[in-house]
Amino acid sequence: MGGTVDLSVDIGGMRLRNPVMTASGTCGYGEELAPYMDLRRLGAIVVKGLSLKPRPGNPPPRMTEVPSGLINSIGLQNIGVEAFVRDKLPSLMDLGVPVIANIFGEDVEEYCLLARRLDGSGVAAIELNISCPNVKKGGMEFGRIPEEAHDLVREVRRATGLPIITKLSPNVRDIKEMAMAVEEAGTDAISLINTIPAMAIDVERRRPRLSSIIGGLSGPAIRPIAVRMVWEAYQAVKVPIIGVGGIMGASDALEFVIAGACAVQIGTATFIDPAVCEKVLKGIEEYMDRHGIRRFVDLIGSLEVS
Amino acid sequence: MGGTVDLSVDIGGMRLRNPVMTASGTCGYGEELAPYMDLRRLGAIVVKGLSLKPRPGNPPPRMTEVPSGLINSIGLQNIGVEAFVRDKLPSLMDLGVPVIANIFGEDVEEYCLLARRLDGSGVAAIELNISCPNVKKGGMEFGRIPEEAHDLVREVRRATGLPIITKLSPNVRDIKEMAMAVEEAGTDAISLINTIPAMAIDVERRRPRLSSIIGGLSGPAIRPIAVRMVWEAYQAVKVPIIGVGGIMGASDALEFVIAGACAVQIGTATFIDPAVCEKVLKGIEEYMDRHGIRRFVDLIGSLEVS
Amino acid sequence: MKRTLSKVIYNRGISPSYHLLGLRWEGRIDPGQFFMLRPWSFDRFDPLLNRPFGVYRVFEGGIEILYKVVGRGTRIMTGLKEGDEVILIGPLGRGFPFMEGWEEVSIVSGGVGIAPFYHLIQWIREKGSFPALSLYHGGRGEEDLVGIEEFERAGVTVNIATERGTRGYRGLISDLFKRDLEKGKVRPSAVLSCGPKGMLKEVALICRERGIPCYVSLDRMMGCGIGTCLGCVVRTKGGYQRVCMEGPVFESEEIVWEEL
Amino acid sequence: MKRTLSKVIYNRGISPSYHLLGLRWEGRIDPGQFFMLRPWSFDRFDPLLNRPFGVYRVFEGGIEILYKVVGRGTRIMTGLKEGDEVILIGPLGRGFPFMEGWEEVSIVSGGVGIAPFYHLIQWIREKGSFPALSLYHGGRGEEDLVGIEEFERAGVTVNIATERGTRGYRGLISDLFKRDLEKGKVRPSAVLSCGPKGMLKEVALICRERGIPCYVSLDRMMGCGIGTCLGCVVRTKGGYQRVCMEGPVFESEEIVWEEL
């Protein structure tokens, strides 16, 4: 693999061997996928969102199926940053693939503490999940308000020397505005999109299908929305963009790349086929071969719109 | 039909025989559906969006299929309000079903002129499509900014005595905020959601699948997002809510109703089965029978969330 | 009220990518009209939309569709079996005209574009008209030459071109047709055509140059097939027209070919 | 690297809603483990997720799944035919324990909950252990009593309850089991159970009152089946545990039943 074409790409100072990553929260801490694919083939591994303290997550039911999609409300269950660094990170790092730590907090300080704790731990970058309510500021998500997102990123920027990827929420008025705000604040890259708030009802019981009533929609249903947001953000900012949302195969991944993404993350698809990342990578190589494109980076933002 | 259960519902002074309507832009001016279903069975007919002058619409391709969804960029092709009132409305009114005119303009004046023109024309209500860029104010859609939507609705309110249904765009930071803004401005009802901006790319040709690059996503893919928004809006406002987005059958319609909608509109599903509205109606009746619910209005917002 | 359900009578492959599907149907169908078909149950939404298909043959109590597997929908279609219920909406649109004065008619088709013409010929014969009929049919190779024996048996002069040259003229069917026109081998009162966009354009041009009336059946992605979605429009001299309602057959001079 | 593809050997209905599916498979499977199966092609995303199924029988080169049609996924599954390729991930999770000292084992199952136990019995026999085995199986009526002859043939004492009383005890299987325990008709060293939630709860309670070790196989909606999505958790005394990894079989005393 990668013999004839150059798949490498730079993201905020990280050099990735190829542009295919797992998406946070859909590959655990890597080990669960290991029996199904060679993790060393990945461009990077993005682990489940980490908080300062371990979190038990939401009560079940936590997941429900909808047309071409999945609504989840896992509630950010995780083992906490300490246990991650101690128990999971060492073996992950042995793979020789950049490990990206997805983090979230309830206020700016928590994000900063997390970012500081991970500095020097061995992770290659941190991804800020800003789709979390700012408990200190009335509970509106950081990711919905450009000013809040800006301030958050600026503080985290000061707290860590690691590359910062800010993961944008689709739940905004204007994704360009958001992308510009976090770029201005010093993020090294942007990933988008996180899940879209959604809801399903069991009409026979007249009850919500999830214990938390509202959850996050992922899967192919959201892909056309995500591709549009990548395309819009690509017009607005210079920092690299990582595309996420409903990628099921190479052609989906290529939609994101052609729209402006320099890398992709794959989430829900790994639930259906735990080896899907490898297939996507292979499909991208085949596509490049077929089209005579030698360097992956030449594909980024190559949409013709005349 | 309707013998054993009471399906009627009031929306901003209109009394509907039942809560099932067509969605704007998906049933033409009614006549195309007539060979497939008895239009008199409908609660109301919402016609294709009308502008002051006829509009040719966007160049093809105007439509593309995505998982469980459809992206369209018809470009609001329509015959204009005059031709509508002259050529289409009379026979539509003969059906004895309330006709709701969906309207859109490029600035507040155009909306007001349309509303005034329709006053006394025979239509039962107007539905404001506010997902249109305000050309006079920098081109951001009315529907994205609560203040702009508020001002628009207030002016239209002054211009017409007809009931006003404001159709909200999903493309907002907070649907509650939007719903409250238009309620405050005097709308009689709210309908939501309009399509979600989305994009698909033909990777082999590296070109957008639509001539307009970005189009609007509809169909089952967006239903969980729409249900969530209805539920959120239902917490925030008192005006009746009409649920739209991905309804394919009775159980989908009931999700909206249980979440808080007092009526539903069906769009994309009519492309697959032009008689779907009748089936949804029948399915709702069967459900009410089965659950011993005599009055449809008792179902509205009946979600149990404890 | 139009029916919108039907049942599969048979479904069989006649070559690796061409299949014949028999569906229960009764009623009048003009040649060139089409149906919207949902080859999977209503409750699965990926793929979402019904697919448009012309009618290859009409028989007692049913219609036969000749289809080519080109994507997901048609691949799923190959799995239909006897007794399956399908959504079938139609007949839709305006088909091919046939005028009394026509003494000789040439049909130019490419690939699966041959599909509507067998029914057309059935229909012309049933009307009791017997103009001279010639079929110019092209494809990549042997695999695209399905059903042509049936045309021969129906008394149609069949001319073949294959791009790979495995049978008939080596090259494009439009070139063969042009050559025969130039040679005076055919002198059609009208030309009817269906097939890939490039071929249609070529045929339209050939006819324009010679002032021969030409009718083309256009293939567009269709949202509804019944005129409500406005997704299938084509630019004509009179503005955008819906392929599903005002078409799928248009007089070629009406089409703004540069924008197709 | 675990394989994730398989081929259908056979698929046949054995009653209106129960079917048997044979799939190519080789390798060790513990009784009570399960597979994630995608009964439709990877490129159709409605329904989106793979479905979990236990193993009814293991044979040379394959596994047999006993499944009941309950919704869209299982309805689509009935259309699988010989030679179809399917995504098959597994074996997954932790199955039923079997301890050396157990002299008598009672199985309590409801409906399609019988599925994992035929393989369990195969497996116990293969180990050369011959504890006394009794099956308590319940259903609505005759239609839920598939496969019980096979248990009888395997030397298992079979007890039946149907809610409609069409065969065996009229009522719930847990009531029959309780009665037999009270009468001393069975004296199990351990109870293994699979079936609807209400039944499992009941069985767990019966066993708790008598101090009998009880193991239950839980049925949860599963996102991935391999431990990554955290969607399938159940509340245990030790916190949330994944049914797909730490289960599907749990010691009943571990479960916080009030929250199930």
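In this document, chain identifiers A, B, C and D correspond to the written order of the chains, with residue numbering beginning at 1 in each.
The definition used in the following text is that contacts are C-beta pairs under 8 Å (C-beta built on N, C-alpha and C of every residue); 3 or more make two chains touch, one makes a residue touch a chain.
Just so you know, these numbers come straight off a predicted model, no measurement behind them.
Interface comparison, B-C versus B-D: the higher number of contacting C-beta pairs is recorded for B-C. Averaging C-alpha coordinates per chain and comparing to chain C, the farthest chain turns out to be D. In whole angstrom, the spacing between the mean C-alpha positions of chain B and chain C is 36.
Rounded to whole angstrom units, the spacing between the C-alpha centres of chain A and chain C is 47.
Mean C-alpha positions place chain C and chain D at a centre distance of 53 Å. Listed for chain C are residues 43, 45-47, each touching two or more other chains. Annotation for chain B: residues touching 2 or more other chains are 66-69, 219-221. In terms of inter-chain touching, the protein chains here all touch one another pairwise. On the chain C side of its complex with chain B, the touching residues are 1-2, 4, 38, 42-43, 45-50, 87, 89, 220-221, 223-235, 239-240, 245, 259. Of all the residues in chain D, the ones that touch chain C in their complex are 43-47, 72, 76, 79.
Remark: chain A residues 66-69, 71, 140, 144-145, 171-174, 196-201, 203, 205-208, 213-214, 217, 219-225, 227-228, 231, 246, 251, 254-255, 258-259, 287, 302-305 touch chain B in the complex.
In the complex of the two chains, the chain C residues touching chain A come out as 45-46. On the chain A side of its complex with chain C, the touching residues are 67-68, 220.
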